[in-house]
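Chain nomenclature is as follows: A, B, C and D, assigned in order of appearance, with residue numbering initiated at 1 for each chain independently.
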Amino acid sequence: MSLNSYGHLFRVTTWGESHGPALGATVDGCPPGVPVDEAYLQQFLDKRRPGQNKNMTQRNEPDAVQILSGVFEGQTTGTPVQLMIENTDQRSRDYGEIAQTFRPGHADITYHQKYGLRDYRGGGRSSARETAARVAAGGLARAALKELAPGIEIKGYMTRMGEMEIDRSAFDWDAIDSNDFWIPQGPEAAAAWEAYLQKLRKDHNSVGAEIEVVCRGAPAGLGAPVYGKLDTDLAAAMMSINAVKGVEVGEGMAAATLTGTENADEIFMGENGPEYSSNHAGGILGGISTGQDIVVRFAVKPTSSILTPRKSIRMDGSPTEVVTKGRHDPCVGIRAVPVGEAMMACVVLDHLLLHRGQVGDGPRGTIG
Amino acid sequence: MSLNSYGHLFRVTTWGESHGPALGATVDGCPPGVPVDEAYLQQFLDKRRPGQNKNMTQRNEPDAVQILSGVFEGQTTGTPVQLMIENTDQRSRDYGEIAQTFRPGHADITYHQKYGLRDYRGGGRSSARETAARVAAGGLARAALKELAPGIEIKGYMTRMGEMEIDRSAFDWDAIDSNDFWIPQGPEAAAAWEAYLQKLRKDHNSVGAEIEVVCRGAPAGLGAPVYGKLDTDLAAAMMSINAVKGVEVGEGMAAATLTGTENADEIFMGENGPEYSSNHAGGILGGISTGQDIVVRFAVKPTSSILTPRKSIRMDGSPTEVVTKGRHDPCVGIRAVPVGEAMMACVVLDHLLLHRGQVGDGPRGTIG
Amino acid sequence: MSLNSYGHLFRVTTWGESHGPALGATVDGCPPGVPVDEAYLQQFLDKRRPGQNKNMTQRNEPDAVQILSGVFEGQTTGTPVQLMIENTDQRSRDYGEIAQTFRPGHADITYHQKYGLRDYRGGGRSSARETAARVAAGGLARAALKELAPGIEIKGYMTRMGEMEIDRSAFDWDAIDSNDFWIPQGPEAAAAWEAYLQKLRKDHNSVGAEIEVVCRGAPAGLGAPVYGKLDTDLAAAMMSINAVKGVEVGEGMAAATLTGTENADEIFMGENGPEYSSNHAGGILGGISTGQDIVVRFAVKPTSSILTPRKSIRMDGSPTEVVTKGRHDPCVGIRAVPVGEAMMACVVLDHLLLHRGQVGDGPRGTIG
Amino acid sequence: MSLNSYGHLFRVTTWGESHGPALGATVDGCPPGVPVDEAYLQQFLDKRRPGQNKNMTQRNEPDAVQILSGVFEGQTTGTPVQLMIENTDQRSRDYGEIAQTFRPGHADITYHQKYGLRDYRGGGRSSARETAARVAAGGLARAALKELAPGIEIKGYMTRMGEMEIDRSAFDWDAIDSNDFWIPQGPEAAAAWEAYLQKLRKDHNSVGAEIEVVCRGAPAGLGAPVYGKLDTDLAAAMMSINAVKGVEVGEGMAAATLTGTENADEIFMGENGPEYSSNHAGGILGGISTGQDIVVRFAVKPTSSILTPRKSIRMDGSPTEVVTKGRHDPCVGIRAVPVGEAMMACVVLDHLLLHRGQVGDGPRGTIG
């Protein structure tokens, strides 16, 4: 049992602190024979990397991932893959005040209360930098999915940022990669989102966000009763991301407002198997995939590090006000998009392997 | 690795099908010396039991829990506790049609696709009857919590059912146990909820619900980075309950709409340690408890088994219409309240044990 | 993490005490579609059952196994299989003295020191009766192996009992089932073993034993680096059996006395793939099966419960002498044979499933 | 579930190949507040390091361990500790022949059969170099034990090497560190062992060894029924070391030859609690420590890489003869001593944490 690990057969353990020498992911259980190299993984790291545009923190880390083990002559060997990212932009500074102060909304106080000591440099282990390791592991998962289930496509995008919300009637899958917010909308929407965010930044404020991640092309049958459900694992995966406060599958929290007649996804026989009139279920029934799109949403709270003073206390109990200068994203939700994709990739691959182990490769129950 | 298990040190494995001879929970890792007997556990089973009132299915199971192991002379021994509930109300009937048909919204089709065969009697393993085993295990967790952390109180209640929503300005903690819906409201509200639900039932319809579960009195320091976070485990626990489609901690999905200044829980020094100006975080920072109330919400979809016909297919692919007669709750959310409480109890106990193992019993970081 | 469980994908959790109402095994991860019923499992229980012959304790338990879940219409469904054995021969007696006394060689004293209380009736959880649950689970594993790898045969036999040792030059595989000791020898040897054991019994003594378990027909490729090695899991499985003090694979402890030239298993190309000049390795190289016989041996200490008085202390520290009357096998090693077979079956099935999950069903590296 | 991990709460995952850029151990679950630095760990690495004397391979790796995470200002923080060792002595060479050939006694053939490809450079993942990572993790475990249970002492030594065997009547605990073989004997014995080994080396041969590891000062109560037994975990830990073929606790395999009267460890009341007349049990009863010395032995097979030609085949099935030149220990058992100590340290620490989690810090059952 490792508390810094996730996955059943594709098992990812992340390690490292924000301002230590390096951080990374130890991945055990990657299938052998998967073609992968550092350049392939780097594209996902680059998507998450700070400093790309003015809507992100200007901290300038190359976030170059190194493969230290488990890959030989361009292929995975079936042994643990160590993915390491060196921390290169650790500005030397005076941590005197921050070492004694608990920043509101941060894990400073709870780490102190739990462990009696903490790496106070940039949040240490609780920093969102940890998600770089997840993205590296997610890249490896995608490489394996390309081999095992080439029809699978995984895509994340923002659906809400404070007052801004996407217009689902104008949903444009192809636009996602063309704007700074990974929104499935045209350039005008992106411009409006940017104006909104820059206004917040100038106001020394920050804002929350909602991200949706979709997996297309996954076969029916992934997942397992009753605590290894696909949605259970997805909920855990997304909730484990820094600052996430809610996770939804399909209708999500809105399911509480629906009636049974409204919520039913009726079933028809299509040319290639069962089809559904709708996808309120988010592609999962009884914890097992239906073959429809797997749809997960999660909400990220506003960045706690803001320039507006917030009241807090020091370790000695004395009152203080915290103004977090540093380099911080006004909306961490932007960076959460590739992280959510990475978690989806890891969970789906893991369940593909689990299914193969427990049930076998061949077709099980056929219909029609 | 067991896919029908949850918990790290307090490890619960549930087993059994809706219409098999029995179902139950194998609980490993319960601390020794905990006073418990069947009568203590039974009170929680009785809260969840069908047939209590007309807002529930009239299936009449006594749901009597038996302790088969791990308890000696009224105390747990530290060895596995086997909790068994016999299925006594298995009406004999003709399953011919249901054996061939996939009920929309149920796991019939996905179990068939995954396994190639399924126990079609009443949903088999995917039936909500499985949650009786969770409630039994949750009772054991509560007994252990009484010994290890007697100040902890865990309470669940409905906050929404379709169009009905609680009035938080009239929140009444003491009213929860006095009405059929476990709502923290007076008898008038309960009457309105009942009228609403009975109308839906007569319309051959059902409805979703939102449940909130609160843990009061938990110490600061429970939880662990970064995939053994307290909220990660709570999200998994709640999402694993049948029909749940969303999980929230504190602000939940609404965090996406807030700004950093709005969302900040400012910290002050109180007489007994840190206090907070608010609890947007739901009592958890960086995955570790703050000592505030731990607040989790989840949404349950409407009962899929309704008397209104829904289109579906048979195993041979032929079209059909499904009308689910049988005995079904028009709102499974009512019964989900004690289940949510049970999961909270198990997760909190588990993290108390984990904390003790990894950090020790004594105080770690003190403040002031 | 469950401390009463073993296996990765085929996960067995045993529960129950010697004199409680029942004991059993909760098996998660059995593949679906395996034909099995109680009669099939019972044959393995019967082999282990006490009271069969005068070389065993005369305690007369039918040890009837019941399948409570996970099997439907004669086939496993892929959901947890609950195997329960009721304890029917719990003689009522006065436990006054035994409740206060620590029997030498038993876990009485360590359970007391660890937990502060213990089920003192017949050893409670530490009784060898727990192995009945393993044998039931092993029967299920054998049923699954028949489907997944029908060429596999698993057989255990005694190789030593005190001064008696088998003559490997007269090894007779077919004789194993024809004598009370499961020795691969003719009736004369069995008679000599019986005379030796009855002499010890009359002398109020007991004796240890060595058991060898062989798995024939397992494919090459089972096992995994470096802590999920096939021999690592076998060592843990066998050492977890009551009274076992040593485990060997292939040459075992004798490997310490060999030179490299003596120990080499040279490789040749046979008609159906690689063949070896010898099997010092016991069928495992680098933790992975070679396709040869998998050979494991383990030693069981003499029954600690004997009629010869042994010095000990009571809970209050006062000195006493213990004479264990009751019904006890003079050589628990006889009963350990089916237990060792069960553990081998569980481990081999588990690694077949793991291999399928991590590497896939199809052939990987071929030779020639 | 990770197949390259061991431990329950103190969870070690090793990664890396013999000739890759680096190898190491990811350690999750180390308690916070443990003083440790690289110099402390290095002393254990140095004990295992090749090239120290002429009885070891002359491969000259500094084996310098780096701490990349989890330690801050000289103390562990409770977050994952990454221990990395760079491979600096990777001689460039032509692997043409070795890439196609299976060395007898090595995992070349089984890795090929399992995975379809392998890192053939120096054994890749199956190389004994992997044990350097274990030794680093074991050093961390020792640092934690010093804090949690300062009375514990762990020591390993050779007890047999081919025809050479220690004289237990001349057992000298203090001599262990004074000779190249870690034998508890005086310089004359060490000289005889050296002469024996050099003779074998000149004969192009190698030899097996038996190592005993003792843990003194562990409290009673460590371990857990029935598959988390202390001896079960020790058996798995030792069997997972490269080339190990047998594991014994206390009497070990010899238990098969003893009678019940001979084997009994009688119990007396001493000044500080129970004392025993002997330690046939090796300090473990029912899987739980008694407070006596915990005694484990394991046998290592002779080095398979020898200069004497052995018959084998190539990947294409053609016959060949293998002469392993390279730099190889004539007796890998020497190097296995610190590895066995490291595994003992990890297992004992893990069970201390487990006991604390499941039962608590305070005293449980007292005697007298």
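To be clear about the criterion, a contact is a pair of C-beta atoms (placed from the backbone, for glycine too) under 8 Å apart; a residue touches a chain by one contact, two chains touch by 3 or more.
Molecules present, by chain and UniProt name: A, B, C, D = Chorismate synthase.
Remember, it's a predicted structure, so these values are computed and weren't measured experimentally.
Peer 1: Between chain C and chain D, which partner chains are common?
Peer 2: Touches both chain C and chain D: A, B.
Peer 1: Would you say B-D or A-B is joined by more C-beta pairs in contact?
Peer 2: Result: the pair with more contacts is A-B.
Peer 1: Farthest from chain D by Cα centre, which chain is it? Let me know.
Peer 2: If we average the C-alpha coordinates per chain, B ends up farthest from chain D.
Peer 1: Report the inter-centroid distance (CA atoms only) between chain B and chain D in whole Å.
Peer 2: For chain B versus chain D, the centre distance works out to 45 Å.
Peer 1: With chain centres taken as the means of their Cα atoms, state the distance from chain B to chain C in Å.
Peer 2: About 39 Å, centre to centre.
Peer 1: Based only on mean CA positions, could you tell me how far chain A sits from chain B in angstrom?
Peer 2: About 26 Å, centre to centre.
Peer 1: Among all residues of chain C, which ones touch two or more of the remaining chains?
Peer 2: Expected reply: 1, 3-5, 8-9, 14, 29, 32, 78-79, 114-118, 125, 224-225, 354, 359, 364.
Peer 1: For chain A, which residues count as touching chain D in their complex?
Peer 2: My answer: residues 1-5, 8-9, 11, 13-17, 20-24, 26, 28-29, 32-33, 66, 68-70, 72-73, 75, 77-82, 84, 114-119, 124-125.
Peer 1: Contact residues on chain C for chain A in the complex?
Peer 2: Against chain A, the touching part of chain C is residues 1, 9, 29, 31-32, 78-79, 224-225, 353-354, 356-362, 364.
Peer 1: Taking the complex as given, what residues does chain D use to touch chain C?
Peer 2: Contact set of chain D toward chain C: 1, 3-6, 8, 14, 102, 104-107, 109-118, 125-126, 130, 160-163, 200, 205-210, 220-229, 231-236, 238-240, 242, 245-269, 274, 277, 280-282, 284-291, 297, 299-304, 306, 308, 310-313, 315-319, 333, 354-355, 359, 364-365, 367-368.
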